[in-house]
Each structure stands twice: as structure tokens, then as C-alpha cells.
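Which chain is which? They are A, B and C, in the order written, and residues in each are numbered from 1.
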């Protein structure tokens, strides 16, 4: 039983969720920005390795090995009758040819060209960051103008339309309902994903801790608790919110990038709102809002609990006299929903409540302000 | 090809818009009273759809008469109203009393949304062949009355849904203006402190507002099953986006403008996008060889677009617009053109 | 019982959350008197009135109504005991019609009794008869204050507590409100507690008064004497000597 907890797939999932929970906590816990569209920010990292990544990889392959690329294209045409793509780039992102292009041509090519592979990794990380910043800018435009409930609605709607409608319903961007094989790295992509996601989670935690205990961290909490206090503090609220959203978006995007390295083949709906928005919310509520360690603990407790539940799912659904396999597949979501309501009731502050000593009180802000002026 | 959509399509769009209007109206009602944006509004409506499914299987399978719509609206509304009432009493009120903020309450309705979609999906899966012996799958489209007008078949729901929307709105309006409790509800929405000082049981008002919101959702949800061509609880995941768009366009806190906002958004998604798509097809694709994609897949972007436009130019929605001033300006312009 | 003051406040300390505003305030309001609370901006006048109606946090001290301790009971229960509180804003339902506002005022009354009371009140405020179906937000500021008074009167309270009812009103509208207050006391025998920014106007009609400065009672006595006290008047109330 102890085996699955330490399986690579579980650890990658855990590290990815820790990063996403920390980044959501920066927004929601510290700054009071209710990001209900977190899934689209995680999704951009996957898109960078899927829809965009395979195209860039195929393009590099065509430039470096034009003859091999031509042969590959002809081979693919013979295997996929009626194909319309004119280049390997088109084939790489086509659901019918994607698997062959990625696994038979691109991956072996990049594994044997280490320099190019490193270049591609850097390039796709840059793409991830750029996409995350772009989406983050859109979100912050709304976040600077809207009340929290409007903002939550708008971010959820935005993310749903992007993931469910734009990317899932049309096959041209990211494989639609068929999904795409992502471009993965090294001869052992699972290890790559494990190291990458683990390092990211570690860096995220250190960064969030440093941020939370810095003057900016205090300003963030001031923004959340009291707009008047925040303006007295003399910080530009807009700049703080913008910064937090951009940083959080980048962290979430990078988490998605490393996560997809292990998942490899997946559709955009892998990044649905239950898994990548609701679960991170559940984690930070369970762990304790505005507490970085709480986000980590929440993610660990939640994922282990979820795994345990899934492990005993069959006996549980048998005990409840639920016949079909569909029903037992739906059970975890139902229990997660009930669980989080119970947590909101029984432990509104979470396992690790916000540390009160580090919160600046209104009077102290006033005093420090006066002290600075004097 | 004509740019204009066909008559049956137009009627279907009107029916869909009416359903969204009712859902947005209910959403705005509970937001106005309890200040919680209900992320479970669309999945709650699916209780109405499931009720209709059971009704058809039991009573209307062999003889689909017009009364199926009345029964669907009333029973679907009552069942769903009871669910919404329970949501407030057993979940939201206790959570609010425990000191949860609006974010906590939003997360709770988010959780309820997940619970309802999964429970109803599981129920339908278990119930087919047992509690729902006759209907196969969740298809209900062939079990409804219809009219033949000229060459067209007019499906019953395309008539029933707009009528339901109008009738429920009139009843609701009479309730709010002609009954003591309805007036108290409006008073509570405006100033709960003053209302409670005057002796209004504000908590009862909140409970009733959740029941009414659920009733509107269930009535709409039952008949909307026809426009969705079946009962699929997971459809709620995207419908909620449209419902929220309708409420925000209406101003989020105004019940009547919520109805109108929902209607406009629903219509924009169906009719607006069809017009746009036909225009694109006839001019850009046929004349300029633009990529031949169907814009109809992206109808939901209409609602998001309307929300964005609204938040940019009228952040308080249609309810916040000074219509008198708009009329005067239009009047002035007309006068200026005449000179 | 009849010997007890209408309102008796002893050593009251109160505020909002951590913000302590009132310090050791004591006062007595006799039945059928017009009691004035004046003071400079931010002295805690409105907070004192809110505290009498149970809308703030009381740290220590007591509030009694006709000898009965009401320090810890909620606002709606105080309303039932005969207190009417008229805040400066938000004292009517702007989106409701005048008739609906009056009906809301008597929400807990029997339908027949409510109808009778509304008829009586309309005799006192005849201008409301023409406005019954108009929304309250269409009324002028002064008319809204009068509607709020009419609503309070429907419940036949013993004490009316007004928070700056004449603020922002034209002199004529202000006079109309003051006249109605005098009428309430003379014809109906009501007790009135009045918080006013316009100290001169208030002290002229008041029986007794207190002056609040920084949440403490700086003067207690006859309204006319406070009005005549040039030093206090100049220092705290902006009255010309």
C-alpha cells in the first residue's frame, strides 16, 4: 500500500498541486483575489508543450533535417489517407498524425540532439511564461476593476470558455476532444517531470514565504483586509495586485508544463475546473488561507486522502449498494464536494490558520506611516 | 443561402433565451437577498429536468399531451425549489453563521454544483431501467406535443417556454407588489436592517427567496431539457456561464433586469451567433475564401463578449442605466436629424 | 413606575469593535421632554444614539428604558418596547412606494388596525396622500424625513430618536420637521431625543441638553442655558456670541 504514495506519477501530481495551491494562495489567501479560473492558467503550460510545443519541435526538425522530415511527411501521408497538412508542422498538431510524429520522429530526434533539446526546453518555458503573463494581464485587467464576486464569476467564465469551448471543441488548436501527445524531454520524461515539478514546488514555496514576510507581503494582506488601510500604507494597490496575479499565473503555467510531461497524451479537459480550480481551493481552505505551509499541507493531506478514497472506492460503492462503475467513478467528486463544505463549517480557518503575529494591524500601519513621515 | 435563420430555429432560440432568462432571474434574486453568487444555479435546474424525465416515463410516455409542460413546470419547480431551500437552510446559512466570507460561500456553491452534477448523473445511470423503465438513454425529444403550421413542425416546447417565462414573471411581479410578504421581500433586499427593525423575519425572506429562485430554475430546467435534446446534468457546467452572463448584463441585483439580461444573452448566443455565422459564411468564406469554420461552436463567446462590453460601459448592468436620459438623448438626436 | 425616567444611561462605554468612542456617558431623559444631544463633528453624537438603540458594541455601563435594563437586547426588541430610531439616511425604503413604506412600518400589526393607523397618520402628514403611489426615492429630502416620521408614528412608540433630521435641508423644510416634533410632544405626549448639527435650531426647542466632546459629556443641563453659554457655544458649537 505504501508503494503508490511514492510512485512517480503521484509525486508529480503532488508537486504540481503544491505549486498551484501556493500560487492560488498568493492570490486568494494573501491578496483577496478570488481566482475561480485557475485551471486555464495551469492549462497554458500544457498548451505550450502540446499545441505549441509539437509545432515548434516539428519546425526545428524540418529546418535541421529537411530530408528526413520530407520522408516522414510522405510516410505519414501514406498512413493517414485524405490528410490535408502540407508540412510536418501541420501534421504534428493533427490528431491523426500527432502520435506518430511526436513518438516516432520528434522525440528520438531531440533525445539524440541534446543541444537542440535544451534549446527547445528553454523556448517552451519562455512560451509558457509568455502565455501565462498574457492570460494574467487579461485577468488583472478585470481584477483591478471588479468587486470580488463579479471577479470570481468573470474569471470562471473566461477559463471555462477558453478550456471547454475554444480548445476542447475545436481540434485545430490543441487536438480538441482527441487530445495531443505533448513534446516530452530526455529519454526519461517521467524523471524530467519529477525533478522539474519538485524543484518548481520547492522554489514556489521559498518564493512565497519570502514574499509573505516582506513589506510587500504585508501590503498584500493590507489590500485584502482593508482598502483604506492599504491606501494609508502608501502602496499602489493596482501594482501589488498586478504583480501577484502575474507571478501566480507564471507559477501555475510552469506547474502545468511539468505536469503534462508525465501525462503526455491528454485533452484540454484534463484541465477542468473541478480538478485544477476547485481542488486547489479545497487545498488552501483545508490547509489554511494565507499560510504557505498550509497550502502545502492542504495539498498533501488532500491528495493522500483522495488516493485512499480512490483505493477503497470499489468496497465503498459496494457497501453503498451502488451497482454501476460509472457511479463509483463519480463518487470521489461527490465526496470532495461534501468534504469541503464540512471543512468550511468545522474548520473555517483551516488546519494551519493565518499566523496573526505577522499580520500588520491598522494602528501599526498608521504608526509606521507616521514614523516614516517624521 | 439566406442570412436569416429558419422559423423553427428562431423559435428554438426564443425558447432557450426564455429559459436562460428565468435562470438568471432566480440567480439575481438570491444574489439580491443573500449576496451569494450561486455557482450551482444551473445544476440545481437539472433537478427540474430529471423530474420531467420521470414524469414522461410514468405518465406521458404513450400520450404526450400539452399538460406535460404544465406538469413539468409545476412539479419541476416545486422539487427544485425544495432543493434550493435546503441548500440555503442546511449549507449556506450555517456557513454564514460560522463567519464564512462571501468567498467561502461561493466555494460552497461551487462544491454543491459538483455534488449535484455528479449525483444526478449517477442517479440517471442507476435509475434507467429501474425507476425509469421506458425511456432509453435520456432522450425526451420525441415525447412532446407539436403543431404543424404550413411546411413547418412547431415543437411544443418552443411555445411553452416563452409562455412559462411570461406567466411566471407576471405571477412573481404580482407576488412582489400585491402581497405583504412580497413587499417585505423588496424592502429586505433594499435595507435588511430597517426591515428587521420593523419586524420582518429576514431569515424567512431569505429562505423564501431561495425557494423561489429554485422554482424558477426548476421550471426553466424542466423545459430546457427539450432545447438541450435530452437530460444531461453535466450540461450545467457550461449553462452556468450563460446564466451568470445574463445576470451581470442585467445588473446582478435586479430581478426583472436579470430576466431581460438572460433573455438577451440567450438570444445573442443562438440568433446573434447564427446571423454572424451566416454572414461570415456568405461573405468571408464564399467570396474571400476565409477558413471555413463554423462560428456556431463558439456561441458561448457571445455571452462573455456581452458581459465584457457591459462591464466596460455600464458596470451596474442594464438596471444601472438611466433609461430616461437615454430616451431624452435619443429624442434629441432625432430632433437634430429633422432640422 | 411613572417615576422612572424614560431613558436612563449610566457610565456607558461603547464603540465599534476596537474603536472605543463613548467614555463614561450618563444621562436621563424624562417622559414628554425634548432632549438634545449636540457636539462638534466626530464627538460621538450619532454613536450615542445608535448605542441607545443597540446598534453598537457596549463595553460597560447600562441603558434603561422606563426602569427596565435594555443594554443587551437587540434593536428589533427595543422597537417592540416602544423605541423608534430614525437614522439620517436609509430611514425609508427608496424603491418602495409611499403606501408600501407605510405598510412596512406596521408590518407586525393586524390588517384592520394598520389601515386605521395609516389613515390617522395621513391626517397628520396630508401631503403623503397625493404621493401614495410614488416611489419614496422621488420625494425631496425633507419629505423623506417626514415619511420616516410618519412610519415611526404608525408604530406608536414612546420615544422618537432622530439623527440629524434637518441636515442638508432648506430652512423651510427643516422648520416643517421641527414643527412636527413639537406637535408629537404636545399632542401625542411623545418623548424625543434629537441629535443635531444645527445646535441653535435644536437648543431653541429643547428642554434639556448634553454637550458631547470627544465622547465625553462636557455639559449637562437646560438647553436654554447651553444656548446662552457663550464660551461653550463658541468653542464647540459654532454659535456666534
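We adopt the following convention: a contact is a pair of C-beta atoms (placed from the backbone, for glycine too) under 8 Å apart; a residue touches a chain by one contact, two chains touch by 3 or more.
These numbers were taken from a predicted model, which means no experiment stands behind them.
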Chain-level touch network, classified as line, ring, star, complete or other: line
Chain centroid nearest the full-protein CA centroid: B
Where chain A and chain B are represented by their mean Cα positions, the distance between them in whole Å: 31
Centroid spacing, where centroids are CA-atom means, of chain A and chain C in whole angstrom: 57
Inter-centroid spacing, chain C versus chain B (mean Cα positions, whole Å): 45
Complex contact set, residues of chain A against chain B: 28, 32, 34, 36, 142, 145-146, 148-150, 152-154, 156-158, 160-161, 164-166, 169-170, 273-274, 278, 281-282, 285, 322-324, 326-327, 330-331, 333-334, 336-338, 340-341, 344-345, 348
Sites on chain B touched by chain C in the complex: 180, 183-184, 186-187, 190-191, 193-200
Chain B - residues contacting chain A, complex: 31, 35, 37, 39, 91, 94-95, 98-100, 102-104, 106-108, 110-112, 114-115, 118-119, 121-122, 125-126, 237-238, 241, 244-245, 248, 252, 293, 297-298, 300-301, 303-304, 307, 311, 315
Chain C residues within the chain B interface of the complex: 75-76, 79-80, 85, 90-91, 93-96, 100, 103-105, 107-108
